[in-house]
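The structures come next, written out as C-alpha cells.
The same chain A turns up in both complexes below, where it pairs with chain B and then with chain C.
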Partner chain A sequence: VIDCDVHCQPDSLDTLLDHMDPYWRSYVEDATIALGDPGSYPPHLRGDVPTSAAQLTALLDRDGTDLAIVSCLALDGVHRHPDYASAVARGLNDWMRAELLDREPRLRASAVVSTTDIEAAAAEVERIGEDPRFVQVLLPVRSDVPYGNRLYNPIYAAAERRGLRIALHAWGRPGNAPTTTGIAATYLEDYVSNAHVAQNQLLSLVAEGVFTRFPQLGVAVLECGFAWLPPLLWRFDKDWKGVWREVPWIKRRPSEQVREHVRLTTAPGHLPPSPKEVAEVVEMVGPDLLLWSSDHPHEHGPAGAPLLSSVDAQAAAAIGSANAAAFYQVAA
Partner chain B sequence: MRVVVCPVREFPDGDRRIVQAGARSIGVFRVGDRFYAIRNRCPHQGGPLCLGRLAPWATADGPGDVHLDETPSLVACPWHGWEYELETGQSFMGPGETRVKAYEVTVERVPGPYVAETYPVHVEEDVVVVEV
Partner chain C sequence: MTDVHVQERPARTRTALQIVDTDIHPVILPSAQRARMSARWARHHERWGRRTPHLTSLYPRARNKGMRADSWPDGEGHVPGSSLELTQHQLLDEHAIEIGILNCLNAQDCFDPPGFAADLNRALNDALIELWLEPEPRLRAAICVPHDHPELAVAEIERRAGDPRFVQVLFPAAGQEPFGSRRYWPIYQAAAAHGLPVAFHTGGYEGHRGTGWPSYYLEEHAGYGVVMQRVLASLVCDGALSAHPDLRVVLTEGGMAWMPSLIWRLDAAWELAHDEVPEIDRRPSQLIHDQVWLDTQPIEEPDDPADFVRIVEHARLEDRLMFATDYPHWDFDSPARALPRSLSKEVRAQILGGTAAALYDLEAAA
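After this line comes the complex of A and B, so read on.
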C-alpha cells in the first residue's frame, strides 16, 4: 500500500528555527509569532499530527504501509510576509529531509512553497526537487487567484523540470476565501467547501491551458473528495463543445485532460453506504484516478476499507498502490 | 427538385436565405463567391441550425495564442452551439483531438458524431439554385 496523504509537522517553531537562517529567530521572537496550527478539523477527528520519524515508523508498521507521502500544512498558518513565508517553507523542507526522510526510508515528501513569492517558490522547487524523495509540490487548494493563472507558471515549469507533481491540499491561508462564493459565516461551510474549491481549481487549470503548456505536469487533489468528479466532467465537456472557440488551445475534451493529468486521494471520499453503490461511484470516477490515502491523523470514519473491498481486485490494486507508483514514479 | 433562391445580385456576401423544398427547410449561405446549402435541422436535437452564427476555424499554438481563419466555414446551431462545416455538414465540437501525442501542436479535425444534410448549390444565369 502507498499512502498518499499522511500529515506531519515540527513539534514547535523552535524545532523549525533550527533549520532556518538565524535572522528569523530574532524576527519570530520580536514579533511573538507561533507556529500556525494546521488542525482545522472537528474535535472528533483531529488526532495528533506526527512530529517525528519514530511516530511515522510506528504508523507505517501498524498499517502495513509500504510507502507514505507526508504533507506538512504548517505553512498555511504563516502570515503573508513573503520572505518569512519563503524562509519557513525552506525550513520545513529541510526539517522534513533531515528529521523524517533521512530516518525512515519508506517516506516520501511534499515540498512546501509559499505563493507569496512565486520566483522564490520556483527556486525552492528547483533546490529541494533535486532530492528524489520529494515527489510533489504542496499548494493549498484555496489560492490567491485560481491555479490556472499564468502567474504560477514558474512553479509549474520548475516542477515539470524536476519531475515533481503538484498537490492541491484542502485548506489554505487565512484570508483566502474558503468557499467559491467568498468568506463564509461558519466553520461548517469552510469544512464542506474544500471539495467545491477543488472543482473550480480543476476547471481553471484546464481552461487556462496549464496542461497544454506543461504537458508532463500532474496534479494530485488531496483530501477534497472525488465522488463529485463525474458530473463536473460531464458538464465541462458538454459546455466546451459549444464554447470551445474561447479556449481553442484545449484540443481534446476537458475530461480527457483531467483523466490524464489529475489524480485524487481517497480520504475523505463522499461515498454511498452500500458496496454496490460504492463500486458504481468508483467505476464512474475511474479507478485509475484514485490514490489511496489515510489522511492520518484525521479520522474521517471507517469508509476507507469498504472502498477497497467494494471494487474488484484489479481496481483495488490500482487504488491501493499501482496508481501512485505510476503517478509519482516511485516503487513501493 | 430544383429550388430557385434569388438573383445573385440580391444575395450579398455573408448573407443567408432559408428556403423551403417540400417538407424540408434549407439554409443557403454566401461566403465570398461560394454558396453552400445545408439542411436547417440540427442532427443533434432538431434545432434550427441555419439560424445560427457563422464562424471561421480558430486554432491555438498555446494558451492565448489564437489564430482565426479569414473566412467562416462553420455554422453553429443556436441551441447548443455545436458547429457544422458548411461544405460537408460534418459536425465539429471543439477543435479536433491530435492524432499524435497531446502536446504536438498539429491539429487534426476529428469529426463529431453528426452530419447535417448538404445540397449542391450553383448559380445559373445569375440566379442561385439549390438541387434537392
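After this line comes the complex of A and C, so read on.
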C-alpha cells in the first residue's frame, strides 16, 4: 500500500528556527507568530497531526502502509510575506528531511514552496529536489492566480528538471473566497468548495497549455475528491471542439491531457451509497487515475460505500499502490 | 366555405406537450428598454450607460460573438435574439417547439443603482409582454427582477404574478452575495407564494472562482458548470432550500452531469458537519430531489452514451431534467439530436416536454 496523503507538522515554529536565518528568530519572536495557524478549521476536526518520525512509524505499522508521502500544510497560513514564506518553506523542507525522511525509510515528502516569490520557489525546488525522497511540490489548491498561468513557469521547469510532481492540496490561501460571490458562511460549504476550486485549476492547467509547455509534468490533486472529473472532462472536450481557435496550442482533447498528466487522491471519496455505483464511478473516472490516500489525521465521515472493496481486484491493486508507484517513480 | 370538420379534442385532458424549450434568449434592444423606462432612468441609461464590465469583452467569444452564425436578423441595429420573426422561423417552427420560455438576460449583470435596476427590469418585462408574449402564444417568460434589491424584486414579482404567461423568476448564477444568503430569502418567499419557480441562469457578474481570474473563454465557459454547482451548494448549505420547502429551483444553462458527484459530496459533508447547520432538516440529496430541476443545456456528451444514463440514474434525474436550446447562442442544442439515444423513450419524452409541462403547469397554445 502506498498512502499518498499523510499530514505532518513540526510541533512548533521554534523547531524550524534552527534551520532559518537568525533574522527570522527576532521577527517571529517580536511578532509572536505561531506556525500553522489553523484559522477557521473547526477545532473538533483538526485531529492530531503527526509531529515526529516515531508517530509516523507507528501509523505506518498500524495501517500496514509500505510507503507514505507526507504533506505539511503549515505554510498555508504564512504565505503573504514573500521572504518569510520562502524562509519557512526552506525550514520545513529541511525539517522534513532531517527529522522524518532520515529516520523512517518508508516516508517520501512533498516539498513546500512560497507562492508569492516564484523565483525563490523554483530555486527551492532545485535545491531540495536533489534529494530523491522529495517526490512532489506542494501548492495550495486555492491560489491568487490560476496555476495554468505562465507566472508559474519557473516552478514547473524546476519540478520537471528534478523529476518532481506538482501536488494541489485542498485549502490554502486563507482569506481567498472559494466562490464567485465571496466567503462561505459555513465550514460545510467551504469544505464542499475544494472540489470546485480544483476543477477550475484543471481547466486552467489545460487551457493555458501547461502540459504542452512541460510534457513531463504530472499534477496530483490531493483531498479534493474525484467523482466530479468525468462530467468536467465531457464538457471541457465539447467546449474545446467549439472554441479551439482561441487556444491553438491545444492539439489534443483536454480529457486526453488530463488522463495522461493528472492523478487524484481517494480521500475524501464522497462516494455514492451503493458499491455498484461506486464501481461505475471508478470506471468512468478511470481506475488508473486514482492514488490511495488516508488523509491522516483528518476525518471525512462514513458516507458512501467503501472504495477498494467496491471495485475489482485489478482496479484495487492499481489504486492501492501501482498507480502511485508509476506516477511518482517510487518502489514500495 | 368548405365544411370544417372539427375533430373532437379529448375531453379537456391536456394534450401532452412533445417539445418545450426552457431557455430562449430574447434581446430587448437598448432603445426599446429606454422607451419603456421612466424619464429619470431613461436619461441615466442614455447618458451614463451601465456599470457592469462586459464579460464578453473580458473573454471574447471565439466566433460570431458567441452566437449561432445564422441567427443575425436583417435590419439596422438588430442582434441575435432581437427579432421575434426570426426566432419564430428558425426556432419555434423549424424545431416544432410547442412552448418556449424566454429568459431575457439583459439585466442579469445589473450592478447599477437600485432605482435604475428596478426600472430597467420593469421595462424589460413590459417589453417582453408587448413584443414577444402578445404576438406569439407559444411563448412564456421569466420575470426579470432586480435580484440584488430584494424589496424591489418582490414588488416586480407582485406586479407580474397575476399574468400566467410569466412562469418563473429569473436570477443569474452570481450576484453580490451567495444565493443561499438570507438577503435573497424575501424573493424566494414571494416566488414560492405565487407558485413560481426561481431559475438561476448561467451568467451575471461573477467574482473569480477561488483561483484567481482565468485567461480564456474556454476556461470561463467550461467552468460555468462549476459556478452552477456553487449556486446549488450555497442554496443547500446556507439553508435557503430547507427554509423554503415550497421553493422550486431551476438551474439553467449550467449543464447537469455534475449533479451526482455534488450530491454525494454534499451528503458526505452533511454527515460530517450537520450539527453545524441543524436547521437543514433533510439530507442534501433529499432537499435537491424535492426542490431542484435542471435544464439540459449545454448537454454533456460522454464518449460512451451509456454514461449519460448512469448520470441520470445516479442522481435520480429522470423527472428533473428539462430540455433547452439556448437559442440563439452558439452551443445550441437541437431537440432532435441533443439527447443521447441511450436514454429510454419514456425518459426522453419527459426531458423534452413532460417535466417542464408539469413544473410550469403548461398547456399547448390553442
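As a convention for this text, the second predicted complex is superposed on the first by the 315 of 332 C-alpha atoms of A that agree within 3 Å, B and C clash if a C-alpha of one lies under 4 Å from a C-alpha of the other, contacts with A are read in each partner's own complex, and residues count from 1 in each chain.
In the analysis below, contacts are C-beta pairs under 8 Å (C-beta built on N, C-alpha and C of every residue); 3 or more make two chains touch, one makes a residue touch a chain.
A quick note: this is a predicted structure, and the numbers were derived from the prediction, not measured.
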Which superposed partner A:Phe236 touches (first chain B, second chain C, both, neither): second
Partner chain(s) touched by A:Glu260 [first = chain B, second = chain C, both, neither]: first
Partner chain(s) touched by A:Arg46 [first = chain B, second = chain C, both, neither]: neither
Touched partner set for A:Arg245, first chain B, second chain C, both or neither: both
Contacts of A:Arg103 with chain B and chain C, given as first, second, both or neither: neither
Chain A residues touched - chain C or chain B, whichever exceeds: C
Touched partner set for A:His300, first chain B, second chain C, both or neither: second
Partner chain(s) touched by A:Arg213 [first = chain B, second = chain C, both, neither]: first
Common interface positions of chain A, toward chain B and toward chain C: 208, 240, 242-245, 247
Residues of chain A that touch chain C when the two form their complex: 42, 45, 142-149, 176-182, 184-189, 191-193, 195-197, 199-201, 203-204, 207-208, 225, 227-228, 230-232, 234-240, 242-247, 268-272, 277, 280-281, 284, 299-304
Of chain A, residues touching chain B in the complex: 150, 208-210, 212-213, 215, 240-245, 247-253, 256, 260
Interfacial residue positions of chain C with respect to chain A in the complex: 60-63, 173-181, 206-219, 221-223, 225-227, 229-230, 233-234, 237-238, 255, 257-258, 260-262, 264-273, 276-277, 298, 300-302, 307, 310-311, 314, 330-331
Residue numbers on chain B that touch chain A, as the complex places them: 55, 58-66, 76, 80-82, 93-98, 101-103, 107
